[in-house]
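Common to both upcoming complexes is subunit A, partnered first by subunit B, then by subunit C.
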Partner chain A sequence: MDQLLQHLVNALVLGGTYALLGIGLTLIFGIMNVVNFTHGALYTVGAYAMYIAAVGLGMNFFVALPVAVVAGLALGALIEFTLLRPLRGADIDTTMLVMIGAGIVLQSGALWTFGGVAKAVPSPFPDAPLQILGASVSWLRIFVFLAALTLIVSAYALINGTRLGRAMRATFQDHDTAALMGVNVSLIYTATFALGSSLAAAAGALLGPVYVVFPQMGDLAAVKAFAIVILGGLGSITGATIGGFALALAEEFGAGYVSSGYRDAMGFLIIIAVLLVKPTGLFARAERIG
Partner chain B sequence: MTRLLPLALLVVLALLPLGLKDPYLLNALITTGIFTIGAMSLNLLLGYTGQLSLGHIAFFGIGAYVSALTSLGFDVGLPFGLRVTHEGWPPAAGFLLAVLISGLCGYVVGRLSFRVRGAYFVIVTISFAEVVRLVALNWIELTQGPLALTSIPFMTLGLPGLGEMTFKTKIQNYYLVLAVATLSYLLIARLVGSRFGRAMRGLKENEPLALSVGVDATRTLTIAATVSAAMAGAAGSLYAHYIRIIDPDVFLFSYTVTMVIMVVAGGKGTLIGPVIGGLIFGLLPVALRPVMAPEAQWIVYGATLIVILFVMPRGIAPALAALGLPKRAPAAPKPEPARASS
Partner chain C sequence: MSTTTRLASLAALTLALMAGPAFAADTIKIGVNEPLTGAFAASGTYVVNGAKIAADEINAKGGVLGKKIELVIEDNKSNPTEAAAVAEKLITSDKTPVLMGAWGSSLTLAVMPKLEEYEVPMLVETSSSGKITTSGNPFVFRISPPSALEAASFAPMVKKIGLKKVDFLVINNDWGRGAAGDFSKMLKAEGVEVGLTETMDQAAQDMSAQLSKLKSSDADTIMMTTSVDQLTLLFKQMAALGIKKRVITTGGSQNPDQIIAQAGAAAEGTMHLTTFLPWAPEKTPDPAATKYFLGEWKARGHQFAGATESFRGYDGIRSIAAAIEKAGSAEPAAITKAFWDVKMTGLNGPIAFAKSGPEGKESGQSKPTVYLIKIADGAVSEVAL
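Then we have the complex of A and B:
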């Protein structure tokens, strides 16, 4: 029973950051029809930005976190402006390959700059974990969970409650009509990509201090993000949130009760199962794509 | 010209080892050749059906592992007290099994993911490669996990008239790779020129139209995926018996990316494109090695991919063809004449 609770708590903490990754990816896909292969690299960039700010520049942990998120936002806007804007109207494969190229440049850049040795970001919280009903959770993980939850709620509020969000939803439904109604679609694309990127960077900046920061950390994160998005249905934000927590549960219980070596395989097994049972995802709004 | 160029290239490649004695360069040429076969197989999918397999290295790696395990033998316990013991077979049998099993995996992945279009095939293939890598890493009894399979025997072939031949030296392996690459090229050329090839291109250009004239989309795409995976498995088998040590790193995503870059840069959907791209990007590390660190090389790789997509979106081979034949500069891709098949 203690074991069960412990796994549940771990899954909740992990699920929050997974949901952030998934929401970012699904937003970019849903609105821009771009399969963002820089997502993993942006996650890595977020973690390294956190490392530079907190360790390199000696900033306070709670100041470094927003700095890392803003770094992701700026980098996302830059990628959209320089690489995706000129390719407007190109087919999905071309943009996908350009994103792969950009992802390679970012990841190799991180490897070149920081070397392959993993870096640690020190936690500002007391080391002694909190005990709840026999399960123990570190304060850092509790903070990560709360921060992820705050960001998820903010993303929802932004999309459902603001003028920008309404323009984004309109662009998602029909970008031609949105443009006719006076929405600056180009600007919406940049904003979407920057927002999605900042969420990926936030996930990296939050998980970096929990684990370690290394150049290839984004590879697995990217594939997991794809798994989450397929699970939730491409383009569905609620789906990505639920998908993130579902993947974390599957991994945590898979690792705990089946085999820890296959922990990272759970996401892919989920993808395969979903495609067999309900290929459009469990919570899809849009019907099948392509 | 389109017929002479591959032939001229083949003659140059066949004569190259006569003047080239540097073992480092010869080694680079052999691995380049092996990855070029992989790139050609990827081109069958990406170039002719428009489906991007981003887990293509999985089929290559499965071919390598199947071939290595077939020739080395293994002894593995299964659930319910079952035990499978296998004595080593000749490497040629490993090669055939590698082709068969990789092809079978391609069939299953194709059946699974071609139920829906769009990004799904891409994501399923990536996932498949990751699962296979994790199995290779964790099923230690079979694969030795990170300790790698070592002492894989050299490829041996019983050639008519020549007796048993063991491919030990670099020169021998070079010609073996060249022979398999040439066969793969001819097979793809034959396939693409057939009725099946027209069906593939029809699906890529205009799926509803292709469907309306009776092309079975799922079947066509699945067959293409099967042939492509089988060919990648053949390349993997050659790799295993040449390098003679295989570890789970063979499944790394960066190898798939290398093949994708070869195809896209060379010219997807052209026969010679992957060969040109394969030679350029296979030998680029040799040229860059004295100048920069491996990490920087990858930055150059990524940047080159972006630049090529911006400058020559259709790749080097079509761009060259357009230069050579200014009158018949290929404009927008011509749709296949929609003609009800007889």
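Then we have the complex of A and C:
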């Protein structure tokens, strides 16, 4: 029973950050139709920004966190402005290649600047874990979970409850009509990419202190983000959230009760199953064709 | 003479002419095949930095056979496929007559067929899977201990520490699974119970699931085998899960000082099997050499934590230089033969290769010293037994 509860707690905490990663990616793909291969790199950038702010500049942990998120926002806007804007209207393969290149540049840049040795960001929370009914969880992870939930709810509110969000949704449904209705589509694209990037950076900044910070940390994160988006359906925030928690549960219980060697395979088994039954993902939205 | 034969001899002649200048060059090239990016980047970089110290030291003393040695360093990206490609590139394009590499067991195993194909020897500085020196590859010479040797050195300590039941948590590759197998065998022979063996991917960052499973097991000790970055994460996650069991790590790639710096209090009380004692240079087999190496390591601005890893690169290049000197020429075949005659004192004990593996195709295996150290009060000390 203790073990079951412990696995459940682990999965919930992990699922929050998976969901955050998935939402950032699904927004960008859903609205802009860009397969964002810089997502993992932006996650890494967020973690390094956190490291620079908290360790290099000695900022307070809770001040460093928003600084890292803003760094991701700014870098996302820059990438959209310099790389994606000139390619608007180009086919999806071209943008995909450019994004792969940008991802490599970012990752190599991190390796060049910080070296391959992992860095640690100290946690401001006590080392002793919180005990609940025999399960233990660190205070840092509880904070990360709550912060991730806050960000997920904020992103949901932004998309569904604000003027900017309405413009984003309109652009997603039909960008020509949205433009005719007076939506500044270019601005929406920049805002969307910056928002998605900042969510990736936030995940990195939150998980950097939990794990360690190193240049290739984004590789596995990106694979998981893609898996979550496929699971949840493209462009769906609800889908990405549920997908994130589903993947975490599958991994955790797969490793705990089946075989830890196949931990990362568990998530992909679920994805194969979902794609067989519902090829557009669990929560795909109707889309205009042509 | 048929056209085919003539073409073949022409090709052979061209190749011979092209190969000639490479061996006649002013430097003797040594290929270094290490992970400089990917999961093992930290360790591979340390080994390369240690290798550079050896090369500079040898060259300052006039080099080998009157020529300077030149390290041709390539990154195998912590990926077995890349490691094999790097070996091929070093041998065929750079014409290196001898290699050092490839850090991880899976990386080294991927390189080994290339050594047989081109008949070029490789000094293995870090890998510890038993398979490397038992699969009948006569071009492999290893200075690091295989897991079985490490387990045998640890055997006399088992009772003294009071191990009763042990679970394993290992990296899911040849290194980790090999270590779990060899240590289980030894522990059972010593009358210690062996419980679960859990594995983790080399890139995994969250091992909470595996640790939660180990938490509810009745074993008193967890033996862990993986690289330093993953160990750091494991200790932090163990603390977060409130696991208070004895931990012993194997493989000698723990860099205890890096663990202390990054895992802090979570590393308290952990024990580690290592093959080098940079914390007590006077206790090492060659104190003068150890002090020189550590002094040079510090002078170059490298972190002290890396010394437990980098000494392998230092000893590796020194062993290769000794073999070239004995060979009297920088030809792969002569160097392969000369490795058997190398006798020197490394930073962790005598380096001399004993035959290992199937008869007629033996690999060389040196027998380094293994130490058990403990982290207590944020410092490293040898476990007194």
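Keep this in mind: the second predicted complex is superposed on the first by the 286 of 290 C-alpha atoms of A that agree within 3 Å, B and C clash if a C-alpha of one lies under 4 Å from a C-alpha of the other, contacts with A are read in each partner's own complex, and residues count from 1 in each chain.
The criterion applied here is as follows: contacts are C-beta pairs under 8 Å (C-beta built on N, C-alpha and C of every residue); 3 or more make two chains touch, one makes a residue touch a chain.
Everything quoted here is computed from the prediction, not taken from an experiment.
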Exercise. Since both structures carry subunit A, what do subunit B and subunit C do when superposed there: clash or fit?
Worked result: clash
For this session: In the overlay, answer first, second, both or neither for which of subunit B and subunit C A:A227 touches.
Result: first
Exercise. Given the touch rule stated above, what does A:P86 touch, subunit B (first), subunit C (second), both, or neither?
Worked result: first
Exercise. Does subunit B (first) or subunit C (second) touch A:G267, or do both, or does neither?
Worked result: first
For this session: With the two complexes superposed on chain A, say which partner A:V153 touches: subunit B (first), subunit C (second), both, or neither.
Result: neither
For this session: Figure out whether A:D219 sits in contact with subunit B (first) or subunit C (second), or with both, or with neither.
Result: both
For this session: For A:L111, decide between first (touching subunit B), second (touching subunit C), both and neither.
Result: both
Exercise. Regarding the shared-chain residue A:L187, is it in contact with subunit B (first), subunit C (second), both, or neither?
Worked result: neither
Exercise. Looking at the overlay, does A:A102 come into contact with subunit B only (first), subunit C only (second), both, or neither?
Worked result: first
Exercise. So, does A:I132 touch the first partner subunit B, the second partner subunit C, both, or neither?
Worked result: neither
For this session: Quick one: from 109-117, 163-171 or 361-369, give me the piece of subunit C that collides with subunit B in the overlay.
Result: 109-117
Problem set entry | Overlapping contact positions on subunit A, where the subunit C interface meets the subunit B interface | 111, 219-220, 261, 264
Seminar exercise, completed: Contacts from subunit C onto subunit A in the complex sit at residues 36-39, 41-42, 44-45, 172, 198-201, 203-206, 208-210, 212-213, 215-216, 229, 232-233, 236, 239-242, 258, 261-266, 303
Problem set entry | Residues of subunit A defined as touching subunit B within the complex | 29, 35, 83, 86, 90, 92-94, 96-98, 100-105, 107-109, 111-112, 219-220, 223, 226-227, 230, 234, 259, 261-262, 264-265, 267-269, 271-272, 275-276, 279-280, 288-290
For this session: Mind listing the subunit B positions that touch subunit A in their complex?
Result: 46, 50, 52, 112-113, 115-120, 122-124, 126-128, 130-131, 134-135, 137-138, 253-254, 257, 260, 264, 293, 295-296, 298-299, 301-306, 309-310, 313
Problem set entry | subunit C-touching residues of subunit A, taken from the complex the two chains share | 2-3, 6-7, 10, 14, 111, 115-118, 120, 122, 127, 129, 131, 136-138, 140-141, 207, 210-212, 214-217, 219-220, 251-256, 260-261, 263-264
